[in-house]
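Labels for the chains are A, B, C, D, E and F, by order of writing; each one numbers its residues from 1.
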Amino acid sequence: MIEVISLALANLTSPAVLFFALGIFAGVAKSDLNVPEAVAKGLALYLMLAIGFKGGVAVSEQGFTAALALAALAGIVLSFAMPLIAYGLLRAMTKLDPVTAAASAAHYGSISVVTFVAGAEFLQMSGMVSSGYMVAVLALMETPAILTGLILAGRAAGSDQRTRSELVREVALNGSVVLLLGSFLIGMLSGQSGMAKLEPFVVDLFQGVLALFLLDMGLVAARRLSGAKKLGAGGIAFGLIMPPIGASLALATAWLIGMSAADAAALMILAGSASYIAVPAAMRIALPQADPSVYLTLSLAITFPFNLTLGIPLYAAVARLAIGG
Amino acid sequence: MTRPVRKKLIAIVETVHLRRLLDLLAECGVTGFTVVDAREGRGLEGDWHRGDFADATEKKLVHVITNAETAERVFAAAEPFFKRFPGIIYGHDVEVVRGERF
Amino acid sequence: MTRPVRKKLIAIVETVHLRRLLDLLAECGVTGFTVVDAREGRGLEGDWHRGDFADATEKKLVHVITNAETAERVFAAAEPFFKRFPGIIYGHDVEVVRGERF
Amino acid sequence: MTRPVRKKLIAIVETVHLRRLLDLLAECGVTGFTVVDAREGRGLEGDWHRGDFADATEKKLVHVITNAETAERVFAAAEPFFKRFPGIIYGHDVEVVRGERF
Amino acid sequence: MIEVISLALANLTSPAVLFFALGIFAGVAKSDLNVPEAVAKGLALYLMLAIGFKGGVAVSEQGFTAALALAALAGIVLSFAMPLIAYGLLRAMTKLDPVTAAASAAHYGSISVVTFVAGAEFLQMSGMVSSGYMVAVLALMETPAILTGLILAGRAAGSDQRTRSELVREVALNGSVVLLLGSFLIGMLSGQSGMAKLEPFVVDLFQGVLALFLLDMGLVAARRLSGAKKLGAGGIAFGLIMPPIGASLALATAWLIGMSAADAAALMILAGSASYIAVPAAMRIALPQADPSVYLTLSLAITFPFNLTLGIPLYAAVARLAIGG
Amino acid sequence: MIEVISLALANLTSPAVLFFALGIFAGVAKSDLNVPEAVAKGLALYLMLAIGFKGGVAVSEQGFTAALALAALAGIVLSFAMPLIAYGLLRAMTKLDPVTAAASAAHYGSISVVTFVAGAEFLQMSGMVSSGYMVAVLALMETPAILTGLILAGRAAGSDQRTRSELVREVALNGSVVLLLGSFLIGMLSGQSGMAKLEPFVVDLFQGVLALFLLDMGLVAARRLSGAKKLGAGGIAFGLIMPPIGASLALATAWLIGMSAADAAALMILAGSASYIAVPAAMRIALPQADPSVYLTLSLAITFPFNLTLGIPLYAAVARLAIGG
């Protein structure tokens, strides 16, 4: 227990989390501090390239295994399933219209890359090294939830041909999915010899880039906080309880398929996180009538900060208790 | 000197729907356009800012110079478009040089 | 077909004074606007370029579609504003679709 | 209230020829302008996108508010310019405040 | 003496200064070389994050001391006081209108982060390691001068409520102040364990990023050189003699409070430098009628190059002679 | 022979080439993956700064030699001469109008920095270390071809004064020429002590930045592929055979002046590559009536991918066979 608390504290005083807090502070205080959009996108590209590549190199050593296939399947099933729960909760806890509720629910089936990245760093710090292939699981979980969201909104069939093809592009060929899976494959193909070339870039710089990126996430989250009033207490509560619910589901799944504690924690982090890039874009295309300020506020201003500060250490501690290791 | 008069149209559209609008313009017979990034804005759906990650609500301005008939076709086709998707469109007369281009 | 006519206003304003201008617009009853980054320019105060670090002289373009009365209020309020701060404002008529929006 | 009327001109020009156009404007007596980056476009010469490295085909929009005579001079000088280089120019009337500026 | 000259020469052939010279050359020759604005801002954010964080880590080891408090006080007093001298000189040496003179004077009370950064590198090269807390002094010196400038312009009271609140935001919550002080605090809180994570980012890359950033500074300074004609001989002379005057004042102050030679040199560099980010923005808000081309040319095209090439080695040499060490 | 094939395969599975392939895939599949323009330009600046600086440091050790002067001369002659061959081939193989053919020919006399950079990495991997001064040769080869192109278009004299001065700026003061030669000089001047400061930046990160940059090159090349239809079979064939022809010419020249196998390979890579930055800009100024989609498609979508994947290992193998070492 003491160890759990001390790890949670270590998380809260890690530079990455502190830079996020600095961003929140600067945003709330209306400082003119800002990270240029192009730089923020460049940092995001870097993080996805690096995390994908490192995962791929790790898998190139372990090879494809049944565990990998099971983990991938588990992730996909979770991504499809979680929006159902989220939708039910949103309808019960808030007064959102059904379409906005469905669109928001989709975000919770999908994942947040940065939450995963911060979580992986935390796990490593706690001596829990998750498998390289969890990156592939991450990429595979990004989009199934979108389909569930559309079904919930009664829109899976109703849309025109053009919208469907736009949607396929957004879903299957979404930039972050392509870059994550692509870098993963490149890591697998180029293995240790590739890692020898890219190590200073993808490994050494990683924490620093993450810190700078989280500074910007804080600024953006702060800008979104103003939308929280519109959500009401019910909406805010949803943003805080849905992550542990998703994570619990992930824990059960992980236990079922015999994952290690570290992999279970990683899966919990994925399940507990909510998308703020891929899913919003898809929802603008398929459900333009859903209110974007609802799902962006939920995902960026409520769920992301919760996971980054409390959720990650919580999931790690529970995974260790439940699965051992 | 009097110069040829053409229509200028400006549409403000979400980046995710830009291709769809450009295709609609091409179907109406528009042969030239220029797109500009918007930085932030406010409309019926509330505020948005570029750089909010989620480019979901980011917008573009599309400028078109075209002749009156084509403009009429664009207006007609744009009306249902902008009922469905966020954004606006408007137009006015302009004098041009090399009027045969448009 | 005749369409509803509204006013388009464009203001060019220093980035440091953008919020102040947007607040002024809101007070005049403007409900929608779109902001675009300018790259460089010249005026009474001389030349400026984006990327000169010192964003001190950087400018934005603010586009507004609104009805005639609101436009009149904006013009009246903008005159002292642009006497005090660098920048310009101008307007003209445009045809719109979904005229009830503005 | 009636306000002074001036001309607004917009030119779309390749970035490599921007300085040349700005010099042409100055020679015609233009005292102020604002330049905006374009993102992508289509014209007689085909499509272009910003960020295609080769900035060779990248374009800028130049906005000018000026009086009628100066506008006439610009139109006259721009005609050969835009026969030689890609791009377009057009103009229309606008109401301004502080009309003595332009 | 020979050592001083050889250090000055070493400064002039350091990559950072040479890249600045390359930028000046390219700008004056009207080459189309340019650093995209977003990249330049990203590099500036990096430099502030890194310098703040490193300073904070250093202080986390030394702890808060009376020396720190004294240094902070000294910096604040200098920032308040120097614009008075600068204003007097500007009025005597140039024909500038009082408001533009006051606005320009404010720049000389404040500081330039990049000058400090380049100076800190030079000091380290010369074996003079200044205290980590000088970064906090840097951040604290950024804004007091603005107040003096406004008083000089007779504007401290005259402005409307809205302008005052904008100004407070620009002054106290200016992006660079927030990022510098924030990173400093984060460095203090996360200490050596934070440094272990960020070292490859904030330490190893630092000189390279600085070189690229100075290339851009050279390009911008060259663009500003055309404004020098408007300044006249008096204005140019002011831009060259005000830095040593400020530095002398700083030396006296440093001696009074018993600073080490390295810290004295750092304070001299701060005092001798002129702002080109925070103060111009504040002046556009509070004194829009002041001519920005005057203060931007002075600060960027005259004072910055002087300090970077000659000022820094000069201040270091004088500090060593006067204080020893 | 087996060694050649295995090196070629190693090239094809190097992260850099794989990221290029990922970019092509994402572009062709119309994924929304994209690298912000400012970031891409920043990466390009980095690559030129780093390659120039490293070359200069290498020369600072070896000193100026006759070999350097000969190599420079060889590069300049090749750059002047190759457009003549390219023009003849284009007129014979395609139906392009003379002006577009001349403009395109100029691209093949000039060089592509990224091809050189990727080639230098490949050579190093193959144990063939080329001389530092090849970077200077690279910079010197960028622009002579432009003059030949203009002569071919019958325009060297016909243009107005203004166009000529714009052209001189574009040619002699082109951003990449200035940055490459400038960084080269800075490397020479600051030597090993400068390298000690910048090494983590210019050496350690290099491969990672190159990989990210090539991802973007792939995206851009894919966007250009649609222009290939317009080129026709003749145009595409030209884009594939002109590089080996240029490289052969370079091999002969290298043999004549007694270059090492590694330097010969580097010269072949330069000669075989085609410009896509400096020359297009110059051609827009001097020959606005030439069709840019022709030369951009040729250079970016045909010649660049060919050189990156097959050309570089081919040239290296031939250089080794012909010259030995």
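Note that in this section contacts are C-beta pairs under 8 Å (C-beta built on N, C-alpha and C of every residue); 3 or more make two chains touch, one makes a residue touch a chain.
If you're wondering where the values come from, they're calculated on a predicted model, not measured in any experiment.
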{"item": "Contacts common to subunit D and subunit F (chain labels)", "value": "none"}
{"item": "Between subunit F and subunit B, distance of the C-alpha-averaged centres to the nearest whole Å", "value": "39"}
{"item": "Length of the line joining the C-alpha centres of subunit B and subunit D, rounded to whole Å", "value": "19"}
{"item": "Approximate Å spacing (C-alpha centroids) for the pair subunit B, subunit E", "value": "46"}
{"item": "Per-residue overlap in subunit E, given as positions that touch at least 2 other chains", "value": "34-39, 42, 170, 200, 204-205, 281"}
{"item": "Multi-partner residues of subunit D (at least 2 other chains)", "value": "36-37, 92"}
{"item": "Full enumeration of touching chain pairs", "value": "A-B, A-E, A-F, B-C, B-D, C-D, C-E, D-F, E-F"}
{"item": "Residues of subunit E defined as touching subunit C within the complex", "value": "34-37, 40, 44, 162, 166, 170, 217, 220, 223-224, 276-277, 280-281, 283-285, 288, 291-293, 296, 300"}
{"item": "Subunit A residues touching subunit F - in the complex, by the definition given at the top", "value": "36-39, 41-42, 45-46, 49, 53, 169-170, 173-176, 178-179, 182-183, 185-186, 189-190, 193-194, 197-198, 200-202, 204-205, 281"}
{"item": "Subunit D residues within the subunit B interface of the complex", "value": "12, 36-44, 59, 61, 72, 75-76, 78-79, 82-83, 88-92"}
{"item": "Residue numbers on subunit D that touch subunit F, as the complex places them", "value": "14, 16-17, 19-20, 45-46, 49-57, 84-86"}
{"item": "Subunit E contact footprint on subunit A (complex, rising order)", "value": "10, 13-15, 18-19, 22, 25-26, 29-39, 42, 200, 204-205, 207-209, 211-212, 215"}
